[in-house]
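Written below as structure tokens is the structure these notes are about.
Order as written gives the chain letters A, B, C, D and E; numbering starts at 1 within each chain.
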Amino acid sequence: MLLVQILVNGVLLGGLYGLMGLGMALVWGVLNVVNLAHGALIMLGGYLTYYLFTGLGIDPFVALPIAALGMFVIGYCLQRFILNLIVRSAMLNTLLITFGLSVVITYLAQLLFSADFRTINPTYSGANFAVAGITIPVVSLAAFVIAFVLAGAVWWLLNEMTIGRAIRATAQNLTAARLYGVDPRNIYALTFGIGAALAGVAGGLFGILTHLTPYVGATLTAKSFVIAIIGGLSNPFKVILGGIVIGVAEQLASLYLGPTYIDVISFGLLVVVLVVRPARSLRAA
Amino acid sequence: MSAAEPPILQAKGLTKRFAGLVSVDHVDFSLARNEILGLIGPNGAGKTTLVNMISGTLRPSEGELAFKGERIDTLPSYRRAHLGIARTFQVMKPFPGLSTLDNVAVGAMFGTGGGEKSRAKAREKAREWLEFTGLGNRLEASADSLGGPDRKRLEFAKALAMEPELLLLDEVMAGLTAVEVDQVVELIKKIRDQGVTILVIEHVIKAIRSLSDRVLVLHHGEAIAEGDPATVLENPQVVEAYLGKRRA
Amino acid sequence: MIRLAIILVGAAILACLPFFTGAVFMQFAINALILAVLTQSWNIIGGFTGYVSFGNSTFYGLGIYGTAVAMVKFSLPFAVGLGCGAVLAVLAALLIGIPILRLRGPYFAIATLGLAAATGALVSTIDLAGANTGLVLPLVRADTMFYELALGLLLVCTLTVLWIATSRFGAGLVAIREDEDAAATMGVNTTAYKVIALMMSAFFTAIAGGIYAYWISFIDPSSAFDPTLNVRMVIMAVFGGPGTVLGPLAGSFILSAVYEVLSSWISTAAALLFGIVIVLAVIFTPRGIADVLVGVRRHGWRYLTRNIRENRL
Amino acid sequence: MKTSALLATVAFALAASGGTATAADNVVKLGASVQLTGTNANTGRYYQDAYRLTVDKINDAGGIKIGDKTYKLQLDILDNQSDVNLSVRQYVQLLKSDNVDFLLGPFASNFALNDSSVAEKYQVPMVQGGGASGQIYSRGYKYIFGTLPPADDYFASTIDMLGKVDPTPKTVALVAADDSFDVSVAEGTRKHIKDAGMKLVLDKQFRDGGGEFSSILSQIKSSDVDAVLWTGHETDALNFIRQAKSLNVNPKDFYSFTVGVPTADFRQALGKDANYAFGMTSWLPNESLKDKWFGDAKSFADAYQKKYGYAPDYHAASGAADVETFAYALEKAGSTKPDAVRDAIAKSDFDSLYAHVKYGENGQIDLPQIVVQIQDGKLVPVYTDHMLNKPQYPIPAWGKR
Amino acid sequence: MNETVLSIRKLTAGYGGAPVLFDVDLEVRAGEIVALVGSNGAGKTTLLRAVSRVLRAEGGIAFNGEDILPLPPEKVFSRGLVQVPEGRQLFGAMTVEENLRMGAFRRTDKRTLKESFEHVYGLFPILEERRRGLAGNLSGGEQQMCAMGRALMAEPKLLLIDEMSLGLAPVIVDQLLDVLTDIRSRGVTVLLVEQDVFAAFSVADRGYVMETGRITREGPVSELGDDPAVREAYLGA
């Protein structure tokens, strides 16, 4: 029974992890940018939701799409006016500039929101129900469902919509995409905006489930990173699955080895996945 | 082909599969010392895969490969380079950030027998090979600033600086005009005269005709014809699969 | 030759500094020198070989812990401790390097990042290493010694890099960076070269860690395996010009100084400004300071806008 | 290339020419590097604010008499950005270039561990109220003093109280973070649990700052313990409670936290979910704590609230006591010589708004923890060595509140 | 004489300050196949890049009478000036069908899309067979077909084709040349850049010869093919 509960915890947690990884994987896969500011964007989305909730009294789940929209605009502008300036320089430079951006965002957030921790705490935040003796927290379940819905939306966008095909086309061959009528400046900004919007939703849910400080970004970037790699960059559902794998692995590690081993497991898993699947990694190089 | 000497390269039942697809299917062939073998065939017939297996970039799924009588099919590429096998790449691969001289010096430093240990001497040799291939006036140019034909010369110089016994040339004439093709044909003949054995992959039939001692035709990974150029290029199967009626 | 002269004269001048400066400068300088060693070591694997390692903080941590555990738990002298740390890190580089150096591009970078995080997390569960509470080393009041040690290490490390830049071994590494497949078919034993480069990088990084441990006298996993330290190595090397001999030194000294000035003058906004500096540096000088000097001489200050024009969409 | 080397040397030299300020006469300078930005800024500000308030108060009252001269206190505070390396550098800077006379501490045990090495190295006393880990005091250092009680005894009064309530818990779960402070707490607590005759059925360590407790909580639920003793940092405590609620985990009788419960932020963030949580503090703003400068602890708390807009907790009070330690020691030593002051600090024996300050052999103060509980959103002191107020005990399950 | 589709006047272009093209004049009239030949590095690809507005240029480029110099590439594409770039440049991780759909990216009349598919699959039956397969897995010849099919999906008025025969087996080149003739018969105008002068002249009406960034000769292919200088330089002995 304990094991089942732990597995359920892991799976539900994994949904949120997957959602964090989703935006990262999208931006990475399409723009070839490993966005070290992704965690900072998640944090920003969390604060946006927080202020919509505490400031305007909007229910957090209603606030999520608004926060996502706000984050989309921020992401769009970041790419359009900053990252687009360097997309053609070395890969290392995109790493550095996003690292710089994460520092800037973090410390701006500290100036704006102070270093105090915040929680998004609606009345139903601790609600739960039991199925056959297994407790299921309502908010975690909602986060899990939202993760899947958004993965579906991303999949639909990329595979069934013209703009999505343009996004993928740009990712695969910039020159050809330009020759076939795609404006890459817009497509890049759009993609980064969508990535930021996904980060925004993840941030809102993260704020409801745990707490926010301006500094949570760094850890979340690392986590999103791991999940994006384990899930692969091509299929949104696989990213969510990657999140679930990490979630379950962490919970099992926590149960059998002790919670201090959580990081060993998730990062160890990352290295193992990379090393035992060299074929894929080499092809993508 | 001299009967006394064993072939410099001997392939038996060479096969490569990628995820179930057979790219090269039980191909047998051999190369005699100082011979030029032309390898032709439609796109996707497995020509580059074959070269990759000889140079060590890919491991064969099946079959044997011997160089001067010694099995080499499990050796890593650098060991084969030390034994005396050099190649050019279909998509040219200069070291873009280095000067032409340094590009070629890499070949001299690491080629046959492990290459020249002194960096200064290696650069001296590299200079000679650049002269030989007609790039003597572009020693300090960075490799990615070179135009098409110069890039090909650089590719040659890099391979030659390794002082190979066997040289594999993968579509070195693609994109050249007829006159430039003639120049490269002369260059290859000059290299052969220095005692190098050469395997040429090419779509430029005129060049194949004038260069090759023998021609091997691959189609869907299988060798469908082999022999002297005149005979092979008139083989109806080859005309059907590769040459087309207009050129036969 | 000119580079050798610059290095030796620079080292001689720096060696005299402790006799003219105070304790605060020593404090800053030891840190800056250690960072410069880390940057220069990173340059071997990241700059010359082209493998962007985010795992060098692992070797730093192992150097720190090797030294600290040897000194605290086994009461060995400092020199032996340094050796333990170095051996540990070099062995780790060998064992880790063989599987991980098969990965390329971003995949290598990420694997090393994961490795650094995993090693840090693992060490913090090992009781012999003081778990997550850290270890206390004996206190020594000898900042000048630590300064000269760090300077000596930087000198040896830089001379090694100079040797790499002019040797056959270095030519092999650069060939790997420029095109690994081509390098292999031209006779470069790519696996061995990469692993050796990583081991060299690990060696200097670990020694720097050992010096740091003894100097700072208290260590714990979060400071020893700090991933942002690795980011700093990369930034400094890239800022200065990776794959050059003096660029990484210039990059690390300049950025250390900028960070120090920022954090002592405008304490609270220092990190924010540091972030902005990085963003601007990447936009305007994407190929490092070494390139700025050449570029500005050739194109004047239009060089900066030229960079944007070349790299934007 | 040559120019880049030159540029580097210039940059290096520039940093070398640090300023050399001269201290004005009749001023004693106290210096500290605290966390004003970065991950620890939330608690770090207590120290800055408490140091400021106390220094101002002492100066307003005319300063301190050393020998026959009157001195004012001056305070130099740097922001270490929650970066340990930077804080060490800043302490050296404070001593060697800003010429401060004495050192006040940063927040958190790992910072205190590093920074106290600077004090020891330069043989200048540091009094700190931000680190409680036993590791700080077990190194035989002579120049480090601390006003937080030893971490091993944090749960002593709590366990003492548990022996006197009905029903008395028999089985206990201990959940501790893996950092220096919490490891010390856990070690001491295991002993106290054993001594009290209770059974430790679950002993779990978690990654400090990890924030993920569902596995531990599920194990608590399935082992059905009577009481949970939890130690870690504030945000983790917050997450523990929130996740306990959403997973519907209820220890039968009781749970208690080493940190968080006394702070207003914590109660505000959790809202009603904070109710019933037990905690501890080494300090409450009581009128019974008399103070030379503030009058009593309550007036201190009022002045603090008025000036900074939030209520002080024991971090702030402890910081105030650090400043006062120097004031008393300077007057007693009659000198500003570091060694004289150090010896005077070692002999400190005075009442303050924080507690009766008297340092032990190792330099650490000894104080009992007061057990507190959040009852209807208010912080209520419950127990010291006797019941102060009636605890709401046992804690009702989440569904029955 | 048919109306002029593409008119290039005194065009100068280059990379990073170094000019590659000098005062190029070139004209393509409706319904023609025009071949542009010349040796490696003569500037042929640069010219195509300038025309499709991927590269900065100065001078005049008019397409159906409109000055397209100030337009961004995607606008030029929308006008019906479509390029089959050198090296095919397919979207390798997308299916053949998706590649073809990308060709129709800017088309607003989605109703006639089906007809276009039928047309392309009619020209290249192998593409229909492979339509669910990834473009990256096609052989070189099939990739070139896919690239041409993608261009045709855009319903081009003028098709620019760069190095169509590069690295292809002779038999495939013949097939593609046949397709070109077919396309022309449907009213598409073609500007063909080729290394293989034999192949180019076998289908083109007129030809231009380019040397080091300048047009040196022009005229009907029959005349150019007989020109001794051209024969010596490009057709070999």
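Everything that follows uses one rule, which is that a contact is a pair of C-beta atoms (placed from the backbone, for glycine too) under 8 Å apart; a residue touches a chain by one contact, two chains touch by 3 or more.
Because the structure is a prediction, the values reported are computed rather than measured.
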Going only between touching chains, how few steps reach chain E from chain D?
2
Contacts common to chain A and chain D (chain labels)
C
Among the remaining chains, which ones contact both chain B and chain E?
none
Most remote chain w.r.t. Chain B, using mean C-alpha positions, is D
Report the chain whose CA-based centre is farthest from the CA-based centre of chain E.
D
Go through C-D and B-C and name the pair with more C-beta contacts between its chains.
C-D
Rounded Å distance between chain C and chain E, as computed from the means of their C-alpha atoms
51
Would you mind pulling out the distance in Å between where the CA atoms of chain A average out and where those of chain C do?
30
Provide the C-alpha centroid distance between chain A and chain E, rounded to the nearest whole angstrom.
43
Return the distance between the CA-based centres of chain B and chain D, expressed in whole Å.
74
Going by residue number, chain A touches two or more other chains at 107, 258, 260, 262-263
Name the touching chain pairs, would you?
A-C, A-D, A-E, B-C, B-E, C-D
Which residues of chain A touch chain C in their complex?
34, 82, 84-93, 95-97, 99-104, 106-108, 111, 184-185, 188, 218, 222, 225-226, 229, 258, 260-264, 267-268, 270-271, 274-275, 278, 281-282, 284-285
Considering the complex alone, what residue numbers of chain A touch chain E?
162, 165-166, 168-169, 172-173, 175-183, 234
Help me check something: in the complex, which residues belonging to chain D touch chain A?
37-39, 41-42, 45, 178, 204-207, 209-216, 218-219, 221-222, 234-235, 238-239, 242, 245-249, 265, 269-271, 273, 398
In the complex, the residues of chain C that touch chain D are 2-3, 6, 10, 13-14, 17, 20-25, 27-29, 31-32, 121, 124, 131-134, 136, 139, 141, 216-218, 220, 222-223, 240-241, 244, 246-247, 249-250, 253-254, 256-258, 260-261, 263-264, 267-268, 270-271, 289-290, 293
Can you tell me which positions in chain B touch chain C when the two form their complex?
55-57, 76-78, 80-82, 86-87, 89, 93-98, 102, 105-107, 109-112, 114-115, 117-119, 122, 158, 162
